[in-house]
Every structure is written in structure tokens, then in C-alpha cells.
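Got a structure here, written out as C-alpha cells. Questions coming.
The first chain written gets the first letter, and so on, giving A, B and C; residue counts start at 1 in each chain.
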Amino acid sequence: MTNTPLLQSDRARPWACAGAVILAAGLYGWALLMAEETWQVLSLLILAVVATGVAIKTGFVRRVERDWAASETRLNRLAFAVLIALILVLSGAHFALLMISTVLLYFVASLGLNIQFGFTGLVNFAGAAFFGAGAYTAAVLGTMPMIPPILILIAGGMVAMVISLPLLIPIVRTTGHYAAVVTIAFGVLFRTFLEVNEVLGGPQGLMVNSMKVFGWDFYDAPSVGGLDISFYVNYALLAAGLAALVFTLFRRLERSWIGLHMDAVRLDETAAACFGISVKRTKIQAFLLGNLILGVSGALYGMMISFIAPASFTFSDSLLLVSIVLLGGVGNPWGSAVAAVIVVLLPEKLQLLQEYRFLLFSVLVMLVLLFRPEGILSRQLRNFFPDRRSDA
Amino acid sequence: MTGPLLEFRNVVKNFGGVTALDDFSMTLAQSEILGLIGPNGSGKTTSFNVLTGIYAPSAGQVLFEGQELTGVNPRAVYEAGIVRTFQRSRLCLSLSIYDNIMIGDTSRLVRGLWSNLISRRALEKQLDVTQRQARDLVATFSDHLADRMEQPVGALPMIERRRIEICRALISGPRLLLLDEPSAGMTHDETHQLMDDILDVRARGDGLSIIIVEHEMGVIERITDRCIVLSYGRKIAEGTYAEVAADREVQNAYLGTD
Amino acid sequence: MDLGLIAQYLANGILLGTMYALVAVGFTLFFGVLDVIKFSHGDVLMLGTFIGFTAWLGLEAVGILKPWIQLLGVLLCSLAGTALIGAAIAKWLILPLKKAPQLNTLLITLMLGTAIREAVRLFYPNGSNPKAFPALLPNSSIEIGNFALRADSVILVVSGLALIGLLNLVINRTRLGLAIRAVAQDEETARTMGINYTLVVLATFAIGSGVAAFAGIMNGLYYNEINFGMGLILGLIGFSAAIIGGLGNLYGAILGGFLFAGLQVIGAALLPFASAYKDVFAFSVVIALMAWKPTGLIPERSSDRV
């Protein structure tokens, strides 16, 4: 009853501005994915920068924010619809679909890290290791034909969660730098383990079988009415579904007592403990849940790219995941979405950047931390049930 | 009521070679307001930290309502009905006033993942109740503040932050409130205003007990029933404010003349 | 297992331990004066080693071929260059961030480390491939049974230990050391005592970085190979060593360095299935140590004032 009276919009259509932004973003995504020449990509980038600048100058951003506060669910659904439409429109383009799926899975992974770091303040420098644990699980279980793929996804998450169990005691007991060393050590350990372990293919890695649903191989491109459809459509749709599911759970977690406890633990452990919040329990929940999400996204990623090796899950890759969270804005899922697009898509579209991408992103993150520590989109205040006003 | 609400029996707390609390014994009666005074570093805050389970005492016992509360964790202390404020205000500055106050009450609300994420009916009901409680509580301190419940605490001046800290402590309906230097960072007038508010809230409830650590002797004189003076971790005097203020040893401890 | 092999493992462990300790003391010094972790330490070390390597190329090019002169030139350029870089990073990146959350400094320096690493890989001529580092030390060895004691390792260990000893003297016996310790104790008091705070911090970062560069050169001379990734792993190990020893404590860092080397050697020698798991073993023990002693073997003073 007392939710967001300040943010309530009194305009007739309190979603029009944000809706327009979503549609424009969809169109922009299509253009960016279809752009092939360097000059096209560069002009699109300049367009994005100019448009953002204009939106900030004219106060348009404020209106979008107000819209979002007023009609969040409706806008979320619209964004999902636009995403599905984009996938279907691009159904013939292998590469574009691979890009969309990769962005979506990195986005999902960054939500897992956000629960740990953004909500609870636990830095995880082994994100790529838990992501990789999911991918390797998919590789191993994929060789067994009787296991349904949905189970493989869940198993990927479970394995990531289980291998993080030995870290619980040090994670719960340490803080700050001491906690950082635990995950850093684990990340290095995990990669070294993969490299020397013969069963898991050593440095050469493993092939991952593709996904089969009811005997239908995901790599068999369906053909609808004589049109060729890329087999990546299946993965892109699945990734979109996973992203929507995890996004919803992420939002609900943020807007629950558990989410509040996570914030309290991050901001002041001692004070939280003095008000009966179990710091241990909260940290354990965040760490396990985050790793579960990392593992599930990794499992789908492994099945999609069909070949995995230890070199894909290094410390640098963990840092790339952390970069997405920091660039986008700690704790803000939409920020992570924007950052995932930048981090994944930009180097792929601008081949001249490909080689320089770690350099580019490390400098970018340094600049963000120095001059805009809250990231691209800063986290909003908690609003437990954003739609209750409009429903009532 | 028979028996004290709280009892310290020969509590000792050592940090390495330093003794912060030395054989400290005291009792607190139901509904009493006790002042804990003494020079800097005399062990006042340490006694709060031992009581709230942040530090385990090196020796001695802490009893609350006759139950042993020695060396338990802060959660158990909270569940027994003891809450506190902090010397340096420890609020979550980036969270709203609602969130900050609700932190004081939510650990007793639904905890499971299922009821927090999937089936959220109970959560919704609890949210309504808790937000209303928080708002009513804030309104007793300041109507003006009650209209700003959605704003981040970081934007508020010190006196409002202190009020919110006290609301966070009171929302769970505690038996004992520990105030650690509530006047720090505020003007003389603001401090007295805050004390009025606290006494006001207390008058409505069922005999909340308070222990207050404070340097502002005006505050101590005005609101406490009894005072204990600490110096170098030891209790050197006990009595009404007038009694301890007249004590030679207390004057020496404060003036530093032996 | 015969005695010769044990001696071989022992010699190897001492060499590695010296190297790790030299890296770890940097982390602990920086933490001492500023309460920050400068994660780029390892990559700065790598950069310093490449500076030394470049100096050697230059000396070769101008026809100075005497190994001892070359070694001197390499060390001078490397240590001085790295010290300057360390001080520069402190001045322009770390001191301005003093008020920011601790974790931000860790993250920024992590990113800086990546940037340095990538810059060397991309912009150093043929930087993505390993470079053959010259053997500038005598390569004779003494055979004791089937144990070959290499002269170069003896020289490296002795000079490394001497450097640690020297550093200890500087910290504990000189005016500069006194100033560093004063700043580490309490910045405000140190300032009121007339200590030039910024200068002390910069000096600390210069010293710590220079010492790490020595470890880098040691690494190059011993393995006769350097590459752009060497700093990452040495930095990780140095950081772990400083942490398990207990941050802010010089002896903790040295203890941690030798402990980590010991773990690697034990892992290599005793793991029956495969010595390839030695790093897995060493890092597992690090994690277990963190669970057992969450603030290191020699804990720092408790700082959370309530």
C-alpha cells in the first residue's frame, strides 16, 4: 500500500517512453548483429553514444526511469517479447544467434555473481571455474543418451554448487582480502586440475554432445515451410527462457527478506548479526545460489559451443565476468545486461578489437571504478512488490 | 518482578595484554534506566560488546532474566530481547528508511527460499504489517520523517539517522535497549530532543529497560535512575547521578589526578 | 627415495621459497602502509623482468658481452625501472583511491595487472611468445652423489636471502624504516610527527616493487625463460603467501613464501599419482589454511571498532 508514492507517474501511459526504448534497443540489436562492415559497426556505436548523451541531457532518462518504476512487469514482458522477436527474425543467421545466446548466458552468469557480490558482498574470482564446472558436467553427461537435457542443465548447476561446498568454511570465516584469496586460489586450482586431468581431456578439452529433446537433436536444423532455420534458434530460445527465469528469481530474491538480509550483511556484518540476521546462513545461501546459476548457464553454454577446453575457464575469464558486473552497475540486472552486450558482442563485431579485448575491458573497468563507481546503471532502491499499485 | 533483568558476574575481557573489563559486576532491574559512564577507554563499549555477543568474555558470567547468556552469538542475544545502537551510527546508508528499520525485525519472519521467492503471499502480508509498524514507530519521533520512508538514509542529517537507528532497535519489541553514545555527532538541543522521544516511546510500552553510555552528563542526569562509573575496566562508583558526581574517586578518574 | 633426490627437492624448495618470499614482502609492505592490496604487483614484476631483458638486448647490441657487467646492467635497469613504476602506480592510482572501499583498490589493481600483461603481450616485439632469458651466472655444478648442486642456484638463493635480510635491516634499523613503520601504525600520528607521508608511501612502493623485480630476474636466470604470463602466477602465489602468513607482517610474508614453496615441493615429491597436481595440492592447502586461520598464521591487529 505504501509502495513508491514518489515514483508514481501521473501520465496517461506511464510506460510509453520506456517501451519506446525497448523497441529501439531491439531494432538496434538487430542492426548491430547484421552489420558486417567495420564502418557500419562504428557508426552504430557512435549512434549509441550520441543517443545516450541526448537522452541524459534532455531528461528523457528520468522519464524512462519513472516509467520503469510505474509499470515494471509490463515492460519486462515487452523486453522479453522483443528478444524473442529478434531471435525469430534472425532465425537464418547462425552467427547472430550464437552471439545472442552467448550474451544471454553471460548475462545469466553475471546474475549469479551479482547475488554473491552485488547483494552479499562476496567477491568471487572463480566465476569462470563454476561456469566451467557446468560446461564439463554437460560434456560428461552428454555422452549418456538416457539423460534428458533439462536434467543435464540442473546437474551442471548442482555440480558447480557441490564443488563449492569445500569453500564454504573459508568463505564464511574470512572477509575482505582474505576472502578474495580463497576464490582466486580455487580458480587457479580448478584450471590446473582440468589441465592435468586425463579423464577430462587435459589441455585439449572435450567434445560436448548437443542437446536432444524427445529424440530430436538440437543440431538438426528444423525446416519450417521450406525456410532454412539455424539450429542455434533452439539454443537462443532456450537461453532466452533461462535468462527470463533467472531474472525473475533474481528480482524476487532482491525483493524478499533474504535479499534484505544480504544487503544488511554486505553493508555491515556486525550490525546485521546484532539484529538476529545469520551472517553465515546468508553468505552460504548467496554463494551456493550464485554458483548454481553459474553452473546452469555454463552447462547450456558448453552444449551450445559443443567443444570446451580449460583455456576457456581461466582467471582472465573470471575477471571478465566480474567486469560485466562492475561495468553494468553492481546489483543492477539491467546494467549487467547492457555490459554483457558490450563485453561479448563488441569484440566479435569489431574484429580489430578482438585481439585487444582484455586490454580494452581492463582499462574500461578501471575508468568506471575511478570515475563512476556505481557503473552504467546504478542500483535502484528496493520496491518489494512493484506492481501492487497498478493492480489495486 | 523478582530478580534482576540483567546481571554481570565478575566479567573479565582481555585483549592481548590489555584488560578492557576487570572483574566487572552489576545488575539491572526491570524497567530501569542505567547510565554507564567513565573516561574514554574505560570499558563502556566493551561491556556492550560482551553483552551483545560480539566479544566472548575472558571470564565471568552474563545472565539475562536468570538465563545464562555468556559467550553466545549476537543472534541469540537479539532473540533474548536485547538490542543496541552503535557509537558510530551503523545504518545501511544506501537503503531506504523502511529497509533499515525492517532489518531490525525481519530475522523472525519467513526465512525459506520457497516462501521468499516462489509463493510470496505470507511475505506480502508480513511486509504490510512490518512497514506499518515501522512507519508508526517513526511517526512517534517525527511526522516529517514518516513521510520520507522511501528515501535512502544516506541523505538524512545525523539526528534523523539516530532516530532511525533507535527505531530499528525498537521495532522488534525488545526487553532491553543499549544506547551507545546517542549524542555523538549531534548538538546539545538535538540530543535532548532525542531523549524526549526515547522517554516518550518508552512510556507507551511495557517497561523497556535501557542502559545508556554517554559523555553528555546533562543527559545522564536527566534520564537515568542509577549510574555506574567505570575506569580502566573497573567499577569505581555506583549510585544516583548526584551521588556518583560527588564521589572523590570519580572526580579523580575524570580529572586524571591521583 | 634416496638422499640425493631429497636434497634436490630441498634445494629447489629453498630457491622457490626465496623467490616467493621476495614477492610476498611487497604485498605485505603495501598493505602495511596503506591497508590496500595492489594486485598488479605480479605484473609489475613481469614488466620489470622485461625491462631487464631489454637492457640485456641493448648491452648485446652495443657489444658489452662480459656476463658480470651484463648482469649488473640488467639488475640496475630492472630494479630501478620497476621501483619507478611501482612508485608511479602508487602516486597516480592508489593514493587517489585512499578513501574508496578497500575492495575497489583490489579490483582496480587487478584490472591494471591485466592491462599491463596484455600490453606486454600485444606491444612488446613478439610479446606473446616466451623469451629465452640469458644464463648470466656460472653454470658449473658440484656433484654430490646423484645430487647436482648448481652454482647459479646457490648464488641466486644467497643473494635473494641477502636481499630479504637487507630489507629487514632497512625496515627495522633505518630512519626510513622507522618512518614506514610509523605510517603503518597510525597515519595521523606519523603526520603530526613531521613524517612526509606521501614520500614514505612512494618509497615503500618503490622498495617493494624493486624487490619483486629481483625475484623476476631470479626467475628468468633460473629457468632461462620469461613470458608475459609469469607475473600473474608469481603474483597469485605471492599474494597467497602474504595472506597465509598474515598481512602487514614481514615475517609472515617470508614464512608464507617458504610455506607455499614447501607445499609445491611436497606435492611434487610425495603425491603418488601425479606430480602434475602439485599446484592443485598447494592451493588446496592454502584454502584449508584460510578456513583454519581466517586472518593468516600471524594475524594482524584487529581493526573493526564497534
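Here is the rule we go by: a contact is a pair of C-beta atoms (placed from the backbone, for glycine too) under 8 Å apart; a residue touches a chain by one contact, two chains touch by 3 or more.
Bear in mind that the values here come from a model prediction, so they are computed numbers and not experimental data.
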Most remote chain, CA-based centroid, reference being chain B: C
Chain nearest the overall Cα centroid: A
Between chain B and chain C, what's the gap in Å when you average each chain's C-alpha atoms? 47
So what's the Cα centroid distance for chain A and chain B, whole Å? 42
Report the inter-chain centroid distance for chain A and chain C in whole angstrom, where each centroid is the mean of the CA atoms. 36
Which positions in chain B touch two or more other chains at once? 54, 86
Would you pick out the residues of chain A that each touch at least 2 other chains? 270
Going through chain C residue by residue, note those that touch at least 2 other chains and give them in order. 306
Listed in rising order, the residues of chain A that touch chain C in the complex are 123, 166-167, 169-170, 173-178, 180-182, 184-186, 188-189, 192-193, 196, 270, 315-316, 319, 322-323, 326, 355-356, 358-359, 362-363, 365-366, 369-370, 373
Residues on chain A engaged by chain B in the complex (per definition of touch): 1-2, 4-6, 249, 252-253, 256-261, 263-264, 267-268, 270-278, 285, 379, 381-382, 384-385
Mind pulling up the chain C residues that touch chain A in the complex? 31, 37, 96-97, 100, 102-104, 106-108, 110-112, 114-115, 117-119, 122, 232-233, 236, 239-240, 243, 247, 274, 276-277, 279-280, 283-284, 286-288, 290-291, 294-296, 304, 306
For the chain B and chain A complex, residues of the former touching the latter: 52-54, 73-75, 77-79, 83-84, 86, 90-96, 99, 102-111, 113, 116-118, 120, 123-124, 126-128, 131, 135, 149-150, 152, 168, 172
